[in-house]
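We just call them A, B and C in the order they show up, numbering each chain from 1.
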Amino acid sequence: MIKPLTSAILLALASFSTQAAEFVLTDAATGRDVGNWQVSSKSLGIDAATPFSIEKRRLHGGKQEGVDILVVNNGVMEITLVPTRGMGIYQVKSGDLRLGWDSPVKEIVNPAFIDLESRNGLGWLDGFNEMMVRCGYEWTGHPGVDENGQLLSLHGRVQNTPASSVKVIIDDQAPHRIRILGEVSERTFKKAELVTATELSVEPGSNRFELHDALTNRADYVDEYQIIYHSNFGTPILEAGAKFVTAASEISPFNDYARKGLHSWQTYLAPTKDFDEMVFNLKPKGDAEGNTLAVLHNQAGNAGVAVGYNIQQLPVLTLWKNTDTKQQGYVTGIEPGTSYAYNTKYQRPLGLVPKIQPGETKHFDLSYTLLRNADETTTALSQVAKLQGSDPVREVKQPQVDLSKK
Amino acid sequence: MIKPLTSAILLALASFSTQAAEFVLTDAATGRDVGNWQVSSKSLGIDAATPFSIEKRRLHGGKQEGVDILVVNNGVMEITLVPTRGMGIYQVKSGDLRLGWDSPVKEIVNPAFIDLESRNGLGWLDGFNEMMVRCGYEWTGHPGVDENGQLLSLHGRVQNTPASSVKVIIDDQAPHRIRILGEVSERTFKKAELVTATELSVEPGSNRFELHDALTNRADYVDEYQIIYHSNFGTPILEAGAKFVTAASEISPFNDYARKGLHSWQTYLAPTKDFDEMVFNLKPKGDAEGNTLAVLHNQAGNAGVAVGYNIQQLPVLTLWKNTDTKQQGYVTGIEPGTSYAYNTKYQRPLGLVPKIQPGETKHFDLSYTLLRNADETTTALSQVAKLQGSDPVREVKQPQVDLSKK
Amino acid sequence: MIKPLTSAILLALASFSTQAAEFVLTDAATGRDVGNWQVSSKSLGIDAATPFSIEKRRLHGGKQEGVDILVVNNGVMEITLVPTRGMGIYQVKSGDLRLGWDSPVKEIVNPAFIDLESRNGLGWLDGFNEMMVRCGYEWTGHPGVDENGQLLSLHGRVQNTPASSVKVIIDDQAPHRIRILGEVSERTFKKAELVTATELSVEPGSNRFELHDALTNRADYVDEYQIIYHSNFGTPILEAGAKFVTAASEISPFNDYARKGLHSWQTYLAPTKDFDEMVFNLKPKGDAEGNTLAVLHNQAGNAGVAVGYNIQQLPVLTLWKNTDTKQQGYVTGIEPGTSYAYNTKYQRPLGLVPKIQPGETKHFDLSYTLLRNADETTTALSQVAKLQGSDPVREVKQPQVDLSKK
């Protein structure tokens, strides 16, 4: 049963076919934005098994002045996207469970207030507080001067690029899948024409959502690209005795400091003064199609998250263990990527700076599943075990890059 | 016949004398802005031979969030100005004809999102897509560290400076000339007090508009200044066999790469992979008052543009041939200036970094004329021929600057 | 007598106890801002001896687009605060008297348009025009590369940080003290968690206002901090023959250029071409509680300002004499601080880069008193004389730092 739409909804309504309702919230091509906006299964007249709602809201105060957030509530999870920050995911809440973390950075920072090249390329840290940050696509990794003399700032520019367009599509038919489409453009004359069509897709009532990103090189010249899906989790999942489990052929420390944590890479400490961060480089294993899974769960094994991705798209995995104090940001990162977190110049010799041809599109598909109890956690772990097979993860003590060499 | 004004118009109406109606759209001195706004010959009750309209509109989406454009439709041309970007001209449309180009940069970028010093001073490229960009006035040219150790970013700061005030003035009397006044300030404590009163002037029904800019040094100290009027044209005028014709005493290549294109400097290639850009430095010739003309026309010679300027104000001309592929930005620049496109430190020895005394005002007057048919094109070319006289343009093979020297 | 509040006021009203009315104008934690807003003794139904009003207004035009100002009129003074610029004080007006100056920078610049690291760390100069600028708290002083290789830009970041929250509190009881609370956060992952609760406090009818700032290190690690309260005064107080009087044990020139002005440190020249700036470093003397006073008055001694602070909080004083031409910015700075204006690396050996422990709060209390006539001026001068006692200020010819050493 479809009820008449209210005028507020109609403002953004681009098309309402027999297949799906499509709402254009932002569109740089026409220069338009709907402003604060919301829609719900009820306002759409959808008699849904699980009621859902989507709300766009403009934030104010401090450095978040003018930032738009988009909150998708699918009845199970409340997912907060940030169109102004490259369609990043601020957090996901589901009852007591939460995907996300408590960064010292409290505001959702408008990129207008960020200078990525400040502090020798660490300006990105002024805004880092999301659950999922895209680090790319022109480059990724630690800041440093590249071979051509250009400073590559930490983790690229896409997360500090406001989305050029934002659309919401809701299927007419049950289960009324919700899709949030956001286009993020990295366009610089003579330097880059990398356009990413991001998609977050979720069904009402589900404990899982998916990302389907398509990066296209719109230039007539081949270009390098890099991407890390920097996925960050703190309390309540991360705690003393929390565990990280994934299928991999090999793990090695990012640098000398991480060597001492190599043997205990799967477990986590409580918030620990002076821990700083330990980073590990993994070579993940997938199934025949390349699909793989990484699981983080709490000490009791009854709450966690499973991150799915494809190693043909994202062949390496960075594990970031930042179990420093709570105030400092107690968090771990599960980071599938084309590349590790080294500066680009170190990754070319590793073969981890891929190229994208003119007009070519690269796809990145990820899923995030809330593990809400022991059953769901056990199921996810058994999937990982199956992917791992009988060979254990090989621990390599030597970092892949000698950072003492400039 | 003057009809009563509507309340929307009255909001901005500053004065309505027997000579002209003046509308203040933006005024930093009082902190005010009218927001979206429009006026037309009809709304003003003017029984014009050619109806006209002017509209101010705020853009949204991506990096153009908060950008104001001002669209002047004089019945023949639709001229889009960008107050937020230094009163630059985004494009001019007239039926099938268009002054402008298709940059890989699609949005009209808010300077809040631009870091001019990024990429070693190439941040300006993040927003470059206009038909007419003022490159100045503190400095112009390619990025580089100046003699005092300061990085001069590409083409100065004025184009990424929002206009402090915007006024529209419409003559009461026929032909009801429309003038758009925008003040753009480059003010930095102890560094610069360069204020430019820009003016775009156009008559309803005309195929020509003029710029009358007045740069004043408000400081008590002499200062250097530089300006290039970077005027850029792509399709439909630019095409294989399009031609550039101007009166000049001499042409030389900007660098070694441009040497090979010296003999064919007047003609254009189709979009050409790996062409990149060739730049030529011209010494233009003017009439007794210094007025000169540069013409670009299509292959058939029935569509083009004539750029008029004064060589006493703008003594040199840069010709920028960027006939690379369409995606890369197929465009040519006709760039009258005080200076060539070299970094400032290279131009001082050439005598192309002029000074402006305390309180002094420098004037820059340019005109842009649409050439809509063979007759108008032929007329413009004959004007150029007359300026050129019997002496041909001398082709000098040696670049004026040896860029291999640091 | 309390009259019913209007709806406009109620929008921001957070609580209205028997003690005080509190209005939340901006709050990043909830993402809210009231927009343009005002309140007055009349609208509050307060039958005040001196009527007062407070107005928040958003500015437009040029680089001040989106800047919020907050104007407090206590019946004697009109104090203009700038929440968007770190709760700085733009100016204070009281009849013909004014605290503030005429900077070449005319707009109240939105930090979104400022790149602090531009011009080798001088970007701060693009926005410098306030009467009171907080220079800190991560660092202060002249730009330069610190020992760890990071460029420290001029005078830190706090002034170019929009306030995260803004509150107005008005006491119910006479004298109905008005307090403006603004929180300004310097938060960067792994780098800083310095949060400053600023407070401006003023009574209706008073010629004096106070600052009570509380800087808290929210991190779990000890951090350095520095602060200078850069308080700037031009005409009408500053003029030829104006005088600066304060209690100090010692004064020394900042650099070699200031040596020649050492003997005349207490008096001012008329606007003087090529004067540039002379800076002096003072070691102030306080009373038993550390309270001290610095007085600037005009030639006639019947108009001025007294700046009170505490030398246990702010142990040193910079005197900035910028008596260059009017256009250049004719101004003097009275700058109590933890530190002088040297780059941080030079101040560590001087013991002027203090530390703040995890969770520790540092308090900074200052007062600004308008001296409106000879009596008030004489009273302030006698307070300084009492603090000075019989020992004169010792003049040390040698700068404390040898700037010729890198």
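Quick note on the criterion: a contact is a pair of C-beta atoms (placed from the backbone, for glycine too) under 8 Å apart; a residue touches a chain by one contact, two chains touch by 3 or more.
Only a predicted model underlies this, so the values are computations on that prediction, with no experimental measurement involved.
Because contacts link each chain to all the remaining chains, their graph is best described as complete. Where chain B touches chain C, under half of the residue numbers in use are shared by the two copies, so each contributes mostly different positions.
Chain B and chain C, compared by their mean Cα positions, are separated by 42 Å.
Counting only residues that touch two or more partner chains, chain C has 66, 112, 115, 117.
Every residue of chain A that touches chain B in the complex is listed here, in rising order: 26-33, 66, 84, 111-112, 115-117, 149-151, 153, 161-165, 185, 187-191, 193, 218-221, 358.
Contact residues on chain B toward chain A in their complex (touch as defined above): 57-66, 69, 103-107, 110, 112-113, 115, 117-120, 122, 125-126, 128-129, 273, 324-329.
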